[in-house]
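Each of the next two complexes has subunit A plus one more chain, namely subunit B in the first and subunit C in the second.
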Partner chain A sequence: MTILDFKNVSIDFPTSTGIVHAVTDVSLSIGEGRRIGFIGESGSGKTTTALSAMRMLASPGFVSGGEIHLHSLPESNLLKLSDEDMRNVRLSRISYIPQGAMNSLNPVMRIENQIWDGIVAHEGAMAEEELRQRSNRALESVGLDPDIVGQLYPHELSGGMKQRVCIAIGVCLDPDLIIADEPTSALDVITQRHVMQTLRDVQGKIGAGLILIGHDMGLMAQSVDEIGVLKKGELVEFGPVRQIIEDPQHPYTRELISSVPLVGGESFLDPKPATPAKGYATEDGTPLLELRSVSKTYGAVTALHPMSFSLDGEEPKIISIVGQSGSGKSTMGSLMLGFNEPSTGAVLFKGHDINRQSAPEALAFRKDVQAVFQDPYACFNPFYRVNHALKFPFERFGLSEGPAHVQQAMEDACRAVGLAPETVLGRYPHQLSGGQRQRLIVARALMLSPKLLIADEPVSMVDASLRATILKNIHDLKDQHGISIVYITHDLATAYHVSDYVMVLYKGHVVEAGPPKDVIGDPQHAYTKLLISSIPWPDLDRDWGSSEDAEAGLAELARIDGRHEMILRSTIPGFSLGVD
Partner chain B sequence: MGRIPAGYLANRITTLVLTVVIAATLIWIIPRLSGLDPASAALGRMASGGGSVENADQILAQLRESFGLDQPLSMQYLLYVWNTLTFDFGLSTASFPTPVAAMIGNALPWTIGLMLISLVITFLIGNLLGALMVWEHTPRIWKVAIPAAMVFTSVPPILSGLLLMYIFSTQLRWFPLSGPYGLNVEPSWTFDFAASVLYHGFLPALSIVVVTFGFWALGMRGLMIGVQGEDYTTLAKAKGLRPRYILYRYMIRNAILPQITAFALKIGMLVAGQVLVERIFAYPGMGKLLYDAILTQDYPVIQGVSFVIILMTAVSVFLVDLVYPLVDPRIRHGA
Partner chain C sequence: MEDRNAAAPETAAPDMTGLSRAQLRRMKRFENPWLNPKLLWGLGLLLGIVALGILGRIFWDTEMVFTGSGLPRQAPVGIENLRGQVGSWAHPLGTDVTGKDILALLIVGAPNSLYVGVLASLIGMSIGIFLGFSAGFIGGRTDDVIRVGSDVMITIPPLLILVVFQAAYGDISLTIMAILIACFVWQSPTRLIRAQVLSMRESGYVQMARLSGASTWHIMFREMLPNLVPYLFGSFIANVTTSIVTAVGLEVLGLGPQRIPTLGRVIYDAINSGALIQNLWWWWGIPTLLLAVMFIGLLLVNLGLDEVSNPRLRRL
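Now for the complex of A and B:
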């Protein structure tokens, strides 16, 4: 039985420069208890389409054509309801699980109050005891302990717990349909699997339909029954998940599927050139970067336990540091950049302690060690044209030989990262896409011909189809420009492809390290195994496991907690890891 | 939340005392940089009163001695700090020999009455209007009217005061022209006196509210736009909550937090905030006291008033530090 129908829905956004057709003529039906995936890049209209069923389009968007029918209503056309009737439909019949797990709960309200106000808004005031029974039931259904969690404020919960609270809110009134907008995009893979399985379980239990919005083909394959592929506001393909993944008809769908890097899958990188560029070399063999018994503590919290390694820059390498949020991987990055001083030990660059440098040495260090960060939106000063970001460090470090030379250098750097200079230079950051900005950040680093690049989650905020391209740009820095790279990520599949050596960090300890084919291809440590098994595969015959499996993995991890064991796999020349 | 840790309290109190001492020192230094001599000034006033002064040098020396200006600077300073911390601000040089503490004691209640009430009114009105500028369910007429009313923000308070005076006192004769209360009542705890005070305070308060609500409204507007884009506001709407409930419990409740800090800072400022309003309405408050003291180079009064301003700012910031964790659970009484 069909619960919701989109009939020829079009959505327009009138802007000062003309009408933007965000969604054009989308029709599809959602059956009772069915799970539908909306997949597409940012700007493809997938969220807009789903939100139109809640009449919650961002201003000034409006449904310019078509009908949306919710069949459980006496007057089924949602677009014809009064505002008050529509308000009653929200949560009680169509509920919404938002994307930003970190931010989607009111920070000044206790969790149970945020479940209660939803119930009261639809069923009227009732005794606190009754409300508490209802909220307890909802929290239990998502695997949270209501006696503890109900009394807490959002900031006292982890990201995964917050998102499960959002699911609890979404199911507390037994809706006909749940719309989940990238519910796990801010979570690491282990938590993602746990949250998705929770969502699947409760959705199945109450028999609601589900629209899952996302851009991760693997997550879709493991979570939904049917997939709708959206591109520029059009539904280009719709069908059962197996058909879409195994036999995609539309070229865009094929592109989406093939752009996902897989562990053990085909490489998206260019083959190594016959004569790769040489990196930094010294006569006495001083390593490029060396960590000597470095640890970092913040108050009582140990972010990084003592560790040592040395990286020889002569033959450039990419070292990946992988782990969940909170594993200490970003702390390592900021220690290597000299933004933070280690609590013990020393970080040495070309044999000099980077925290004990004279001013000219520090300047040279800043030129030689460049960084690419996660957020391509926050990396530019919005008041300057992007040229400023490229030009300023170049001139500051005395590399400029006049305006023509600067211009030439900027254009070369743009081309090196696959951007046409005339389409990006001279523009303001807000005029560029996230992918273009992130490539410019790479270009900016490249202009300074550094010896070492620290890339902290460089592609986690750009569209899936662009990730491979940007990683290819970064990888080329190694082979063509002789730059060694430290790649910090939570994404094992990309680490598998680009890196020469992988370190897996868990709670500030290196738990497993070695070449990627060993560590990621054939993990030995319980944590690495759990990470790998939590990756959703775009392969229907490869099961993601049940929520029991996920629980078992977490329990296994809890068992080894506190005991520090490191599994060192084979080594590679020019890099040595030691743990104190 | 809950009990305030002793270590935190000690830390805050130390900060409070340090702030006050440092500020008191600055207050002492700054007027002395002006190079003017209050003893000569006093003599000048005597001269302009009596025509000419005999034995001017002798009188000058005597004045210096009685003002304590013959002491070495370091002694003057130490004495000053001790006296200030015990609320002994000395004697006014212009209205010699009235104790400054008594002058402040007379002026402070008027200012606190007038300014605190107008600040609270402004805070409430300004923030509510600022919130309504952003809320999607605000009637359209309000969305036009509120920004238009912002015009008043650019009017200097002295002008708004004179304008209101002209309209409501001179032309319509609804409100009295000036003074803190009517000539027909005596200061006492009676209804008549209270009514007279409120009646007389209305126009000065209104002239302040009209020109200062924009500060809060514009600040609130910016904060509300931030909150409106937050995911929790979107989720609140998706939960089918009533729009008014979302406005108060989700949007204003979060947006107002930084405004509370600003409010604490304003409490200190309000003592001196509307000097000219007090002046034109002949309101015997702290602003007028300070204004007159500056005109007559009355150091002790300037220092006393400035000290009270600083003390009030420091104490209100201290109180906000203690209270803030109650209104924002994310903030804890940390070290």
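Now for the complex of A and C:
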């Protein structure tokens, strides 16, 4: 039995530059108890489509055509309901689980009162005893202890718990349909697995339909029954998850699936050239980069516990630093760039302490150590054309031999990263897509031919279909231009493919390190194991485990929290790691 | 439209069909935000006052600001005063009790008031830019000193200090007055710029500039400052308004420059000579009207600039 029908729905946004047809002629039905995934890149209309069922489109959007029917209503066309009737439908018939739970809960209200709010708004005032019973039941259903959590304020909960509270609010009135808008995009993979499984369990228990909005094919494969692929506001493909993943028809769907790199899967990189470019070598064997018992504390918080390693640049390699947010990986990046001074120890580049340099030495260091940052949107000064970002360092480091030479160098660099110079150079940053911008940043690094490149989450904010290309560009820097790279990421699958050596960071400690085939292919440390089993892959036959498994994993994590043990796997030449 | 597609390649392109002509025309206005009606009207009003000063000096005799230039208490053209004398074209806006020509007073006085406001605001902004950048960029002790200093200064009512100061020094020039007022309008730009610099300092392009070996000077003035321009404009206009209000306030108390006509000075004379009781409304009314025009002009410019720098405020 279908609970919700979209019939030829179109949604328009009148804007200052014309009407944007955000959604065009989308029709699909959601069966009772079925889980539907809406997948597509940012701006594809997936959230807009789902929100139209709640009549909560962001202004000035409106449904310009079609009908939306909720069959449990006597008058089923949602678009014809009065505002008051629609208010009654929200939460009680169709509930919404937002993306950022941290912003969705009222910071000055206890959790149980926030659940009561929704109940009272729909069913009128009732005795506190009864309300408490209802909220306790809702909290229990998402695996939270109602006696403790119900009395807490949102800031006292972790991100995963807050998201589960949002689920509890969403299901407390037994809705027919739950719309979950990227409910786990702000969470790390371990918590993501737990929250997703909780959501699936609860949804199964109350028998509601579920619309899961997301951009991660792996997560979809593990969570839904049917997938709708949206592109530029059109539903390009819709069908059972197995059919979509195993036999995608639309080229865009194929692109989405192939853009998810798999651990152990086929590599998306070019094979290694026979004669890799030579890196940088010193006569007396001084390593390119050395960390000597470096640690970093911010007040009472230790972001990075003392660690040492040395990297020689003779044969260029990619060292991956893998960890979740708060693991200290970005701190390591900024220490290596000299943006931060270590609390103890020293960072040495070619044998010189980078925080004790004279001005000319600092300039030479800057030329030799470059970076690619996470956010391609922020990396360009909106005031200047993109050329400024490429030209300025080139001239500043004295590489330029006149304007024609700069222009030539910029065009060559653009071509090297697969951009047509005439389409990007001379434009303003807002005229380029995130992928184009990030590739320009890689091109910028290429122009300066540094000895070392720090790539801090270079692809996490880029649309999935472009990630592989950009990683390939970065990988080419190593193979063809002899640049050693430190790749900082939370994504184990890409680290598996691009790197020569992987360090897994957990709360400022290195917990496991070694070549990627060992560390990621066959993890030994409890944390690494948990991390890898939590990654959602677009593989239907792989069991993601139940929520009990996830819970057991989190308990195991809590157990190892206090102590730190490091598992060192085999080593590679030119890189040595030590912990003191 | 092509640009928009480049920026968001996954979003459907806007459709221009089925729109009325009027809508299309309004859209065109959005293409160039500087053609904002508020901004244009505001600038028009302000330019009108400047034009009054320039054209007035050419076509009118500004010597008539002195006592006894005409018959006293003349009403504007075609209006009878209490004595039954009808205003003539010799003094189109009438005269005051000492026979000063009101039009000449306005021609000289209105640009003076604007001049004090703009100059004070310029000086205040310069101080604000310097201190705001220093506080936000250098941080630490410098930041503490500047922040506490500007916070303390914000709490001090400027008029109180200025009254004491001017009473002690007596007659001053317009420029000195502007400088004095500037001492009280640097705090809010300082705070504004400090806040912006603090958030901008961590932004990607500043990090990139650091990676490019840029000097502090380059980062501050080549990377950050251009992006502050909309804020600076807004703050500048707001400061001009504040400065004019302060200047007029002092003048109306009789504390401004004694020998140079300003709008506030005219109102002061009017009040002091019993213009309200004698029903010489043109004496105080017309300068007040001109001040109102000036403030409305500044407000419109400020609103217009807001819309230019913040596209979300633009409505169809």
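We take it that the second predicted complex is superposed on the first by the 521 of 580 C-alpha atoms of A that agree within 3 Å, B and C clash if a C-alpha of one lies under 4 Å from a C-alpha of the other, contacts with A are read in each partner's own complex, and residues count from 1 in each chain.
Here is the rule we go by: a residue touches a chain if its C-beta (ideal position, glycine included) is under 8 Å from a C-beta of that chain, and two chains touch if they have at least 3 such contacts.
Computed from a predicted model, the values in this text were never measured in an experiment.
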_A:545 in the overlay: touching subunit B, subunit C, both, or neither? Say first, second, both or neither._
neither
*Once the shared chain is lined up, is A:337 touching subunit B (first), subunit C (second), both, or neither of them?*
second
*Considering only the touch criterion stated at the top, classify A:421 as touching first (subunit B), second (subunit C), both, or neither.*
neither
_Is A:109 touching anything from subunit B or subunit C once the two structures are fitted on A? First, second, both or neither._
first
*Taking the superposition as given, does A:15 touch the first partner, subunit B, the second, subunit C, both, or neither?*
second
_Residue contacts with subunit A in the superposition, subunit B compared against subunit C_ = C
*Touched partner set for A:326, first subunit B, second subunit C, both or neither*: neither
*asked:* Let me check the overlay on chain A: which residues of subunit A are in contact with subunit B and also with subunit C?
replied: none
*Considering the complex alone, what residue numbers of subunit B touch subunit A?*
136, 230-232, 234-243, 245, 249-250, 253-254, 257, 327-330
_Help me check something: in the complex, which residues belonging to subunit C touch subunit A?_
1, 3-4, 6-16, 18-19, 27, 30-31, 203-205, 207-214, 223, 226-227, 311, 314, 316
*asked:* Considering only the defined contacts, which subunit A positions touch subunit B in the complex?
replied: 54, 56, 59, 87-92, 95-96, 98-100, 103-109, 117-118, 121-122, 153, 155, 166, 169
*Inside the complex, what are the residues of subunit A that reach subunit C?*
14-22, 24, 40-45, 60, 231-233, 337, 339, 362-363, 366-367, 370-371, 373, 375, 377-384, 389, 392-393, 396-397, 427, 430-433, 441, 463
